[in-house]
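Presented sequentially are two complexes of chain A, the first with chain B as partner and the second with chain C.
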Partner chain A sequence: MNVKKHWWKILGVAIVGYTLVAGLIVPLKPGIISVSHKSANAGDSLRIEVIGYNTHFEGGKEDLKLWLKGDTTFFIQGQDVMIADENTLEVTFVIPALLPFDRSVVELSLLIYNGIDGPFILPSAIFITHSPGSAGVQIGGWMKKIDLEIGSSRMAFPFRNILKETIRNTYFHVPLWFTMIFILIGSVFNALKYLRTGAIIYDEKSSAYATVGLLFGILGLLTGAVWAKNTWGAYWSFDIKQNMTAIALLIYFAYFVLRGSLEESTQKGKVSAVYNIFAFATLIPLLYIIPRLTDSLHPGAGGNPAFGGEDLDNTMRMVFYPAIIGWTLLAYWMGNLLHRAQTLKNKILFQ
Partner chain B sequence: MYREIWALIKKDLQLEWRSGQAWSSSILYVFTTAFVVYLTFINIPANLWNPLFWIIILFTAVNSVSGSFSSESGSLRLYYYTLIDPIKLMVSKIIYNLLVVTILSFLCFVGFAFITGNPVRHLGNFLLILLAAGVGLSITLTFTAAIAAGVKRKTSLLTILSFPLLIPTILVVLKLSADAIGLINDSTSNQDLITLFALDILLLGLGILLFPFLWKD
Partner chain C sequence: MNLMFPLLAVSKNADFLNSIGKIYVVVIVIIVLFAGIVTFLFRLDRKITQLENQIKNNE
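Right, the complex of A and B next:
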């Protein structure tokens, strides 16, 4: 085997292997799954049970501290911590009668710190009702500032409340779609080349890439459905993104039906090349423009932020970007193999 | 340029007028479907009337446009090929089909409203939507009919090719017409209309750009 010529195949397999291993093995950062009370009144003494995930309450007992946090300068420290196990504890917060906020309902986040896990937070953990107008009143019971050392620097993926372990799907669902788009661009490029030159090899390549692109599209849809089951509640939620994706895949299925029903090879090449370009041009608005215009649960649609920014931290980038490259190389290889297999089949048939 | 397109449209119209067969069969198709739907449902509430009406329109449009590239025989096509610029042919076919689809959908509206009752509150808006839907349907269907022209099982292939492409149009149109019927109060209908026209323009541009390659066959 000529390694110089085939290095990219080895690279592709190695990267996909790496993303499979790293994407599934690296643990999540500690996080808070739930607290037993969601609301309280000012002046209450609130005893809550906190359930953590991947936390070390028992192990990091010595310097374990809990706060309720509002804005950046308001902290109430928890008292009488009782640890049940590594992931469960009970804590009391004495909420002062006067709070320095103008709003009548104050959203407080739960902040937990210990030496092993470092700081972690549950946003909007508890809602406090109080009578405003006491803003600026300086009464004890809360602190203005806390200092935390940043915890250990173990490699871990971020903990997001609804996503939890499904955050790993970022390395599969999203790169599969990227790969589909790349390989379909390859298919359209070959279709254009066929229309310009009329050489049958471009038509064969175009169809092989479209087959692989469709496969990746189906995989993207399936991984998306599994993700939707775990975060939205159902495999299919009549979400515009899911519906439009299904339509886009139907358009590509029609491409293969069209190819199957044409017999004469130049006509087949020409008609399917034209339809391929047409299908790709309608795929883009279906997948990326229409879902953005209406309500959708999907990130990047219906006014939701796209997945990225603060959700995609540096640890995730180390797996996410290689995954895109790895799957794309693999898809390109699959497309070429398919093309070669079809060429051989035709050779045998028309000998 | 306009004269040639007009001549082509006139030719199609005259051919249809003389034979009369396609027109009468399309009109009969519309009324029969509407009547069958009426007989199966009898009392049609407004929220059901809307999708049923558009499904009838969808099938009528596919049925009436499917023949638009196969009426000419092989030698006649070759003669046209030497004579006519493909873009003009495409444009004339789209305009002709727009005429057919709009007239048929208007007839369908009249017929369907006659037997099932008319739930439409904003008639002007509804007629505009009929026209906008006709534009979308005729552009997409003309292009897919051109693709499917050389194939044996033409009608089923046309359905497979065109339905997924038509779904966005139908969804937007359904929402708009639900607004015109008074089922929903939609404040974003302008945006929907813009989306619909943007889609139509995209399809039209692609159709015109790609048709010459098909025509060379």
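Right, the complex of A and C next:
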């Protein structure tokens, strides 16, 4: 095999291999899965069981500390910590009788720190009910400041409740859609080239890339359904993003039905090239615009940006971006193989 | 049934899928992806086999 000619295929395989390994072996950051009590009244002494994930309660117990956190300036420190194992402990919080907030129900976050895991938090862990109206009164029982040492963070993916380990699907589901878009852009490009030159090779390339694009779209939909079943609760929630994606893929299905129904090659090429441009022009609003205009469960839709903040941190970027490049190279390879087989077939037919 | 379709059995067992931080959901996603690529390969293989047979018949 001539390496100079095939380097990009090797590169694609190597990158996808890297994302499979890195995407699976890098651990998750420590996090809090649940607390045994979700609500309490002001003045209570509250004993709760905390269940963590990837935590080191036992190993880091010398400097283990827990706080309930109102906002950035109000804290209650936990007392009488009893560690059951690395991921389970019990702790008591004495909630002051007066809370420095005007609302009658106050959400407190649970903040845990130890030397091994660093700080990690469960937002809105406990809801405290109290009678407001004491604003301005000097309120006791609250700490104004805590000391946290944010040590060196080891390489780890973010911990998200509900998502947990499935956050890794970011490398095996999302890149399929990027790949689909890139390969379909290749398909439209070749369709335009066919319309301009009339050379049959561009029509065949366009069709081969569309086939691979559709394959990646179907795989994206299936992997998304499996992920949704275990995070949103159903394979198909009739979410706007899912529905619009299904419509977009059906439009591409029709492209192949159209091609199959036309016999004469010039007519077939022209009609399917024009339809290809139409299909791509509807794909973009269906996938990326309409889902943003309304509510959706899917990140990146419904005013819910996917690639900002903590949905994709720098550790994840080191796997996610290569995954897009690797899968795109593989898809391009697949499209070319399909195109080469098709060219051979035509040669035999017209011999 | 469950022996023939281990994946079906798995998807019915929510406890299993929820164990170890739902890592098996990632495993299933990768299997689906792999199955898709393999399906593509088999179809391409069939297409090329047909071409080979046609060339043989022409000779």
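Assume the second predicted complex is superposed on the first by the 342 of 351 C-alpha atoms of A that agree within 3 Å, B and C clash if a C-alpha of one lies under 4 Å from a C-alpha of the other, contacts with A are read in each partner's own complex, and residues count from 1 in each chain.
As a working rule, a contact is a pair of C-beta atoms (placed from the backbone, for glycine too) under 8 Å apart; a residue touches a chain by one contact, two chains touch by 3 or more.
Note that the coordinates shown come from a computational prediction; the quantities given were computed from them, not determined experimentally.
Visitor: State whether A:Thr88 touches chain B only (first), chain C only (second), both chains, or neither.
Guide: Neither partner.
Visitor: For A:Lys270, using the defined touch cut-off, is the partner it touches chain B, chain C, both, or neither? Pick first, second, both or neither.
Guide: Only chain B; A:Lys270 stays clear of chain C.
Visitor: If you count the residues of chain A that each partner touches, which comes out higher, chain B or chain C?
Guide: So, of the two partners, C touches more residues of chain A.
Visitor: Could you say whether A:Leu344 touches chain B, chain C, both of them, or neither, answering first, second, both or neither?
Guide: The answer is second: A:Leu344 touches chain C but not chain B.
Visitor: First (chain B), second (chain C), both or neither: which does A:Leu262 touch?
Guide: first
Visitor: First (chain B), second (chain C), both or neither: which does A:Thr223 touch?
Guide: Second partner only, chain C.
Visitor: Quick check on the superposed pair: does A:Ala281 touch chain B, chain C, both, or neither? Answer first, second, both or neither.
Guide: A:Ala281 contacts chain B only, not chain C.
Visitor: Could you list, by residue number, the parts of chain A that touch chain C in their complex?
Guide: 20, 24, 28, 53-54, 163-166, 168-169, 172-173, 176, 212, 215, 218-219, 222-223, 226-227, 229-231, 334, 337-338, 341, 344-345, 348, 351
Visitor: Hey, which residues of chain B end up touching chain A in the complex?
Guide: Residues 143, 147-148, 150-153, 157, 160-161, 163-165, 167-168, 191, 195, 198-199, 202-203, 206-207, 210, 213-214, 216-217 of chain B touch chain A in their complex.
Visitor: Under the stated contact criterion, what part of chain A meets chain B in this complex?
Guide: Checking each residue of chain A against chain B gives 195, 244, 247-248, 250-251, 254, 257-258, 261-262, 266-267, 270-271, 273-275, 277-278, 281-282, 285-286, 290, 293.
Visitor: Name, in rising order, each residue of chain C that touches chain A in their complex.
Guide: 11, 17-18, 20-23, 25-26, 28-30, 32-33, 36, 40, 44, 47-48, 50-51, 54-55, 58
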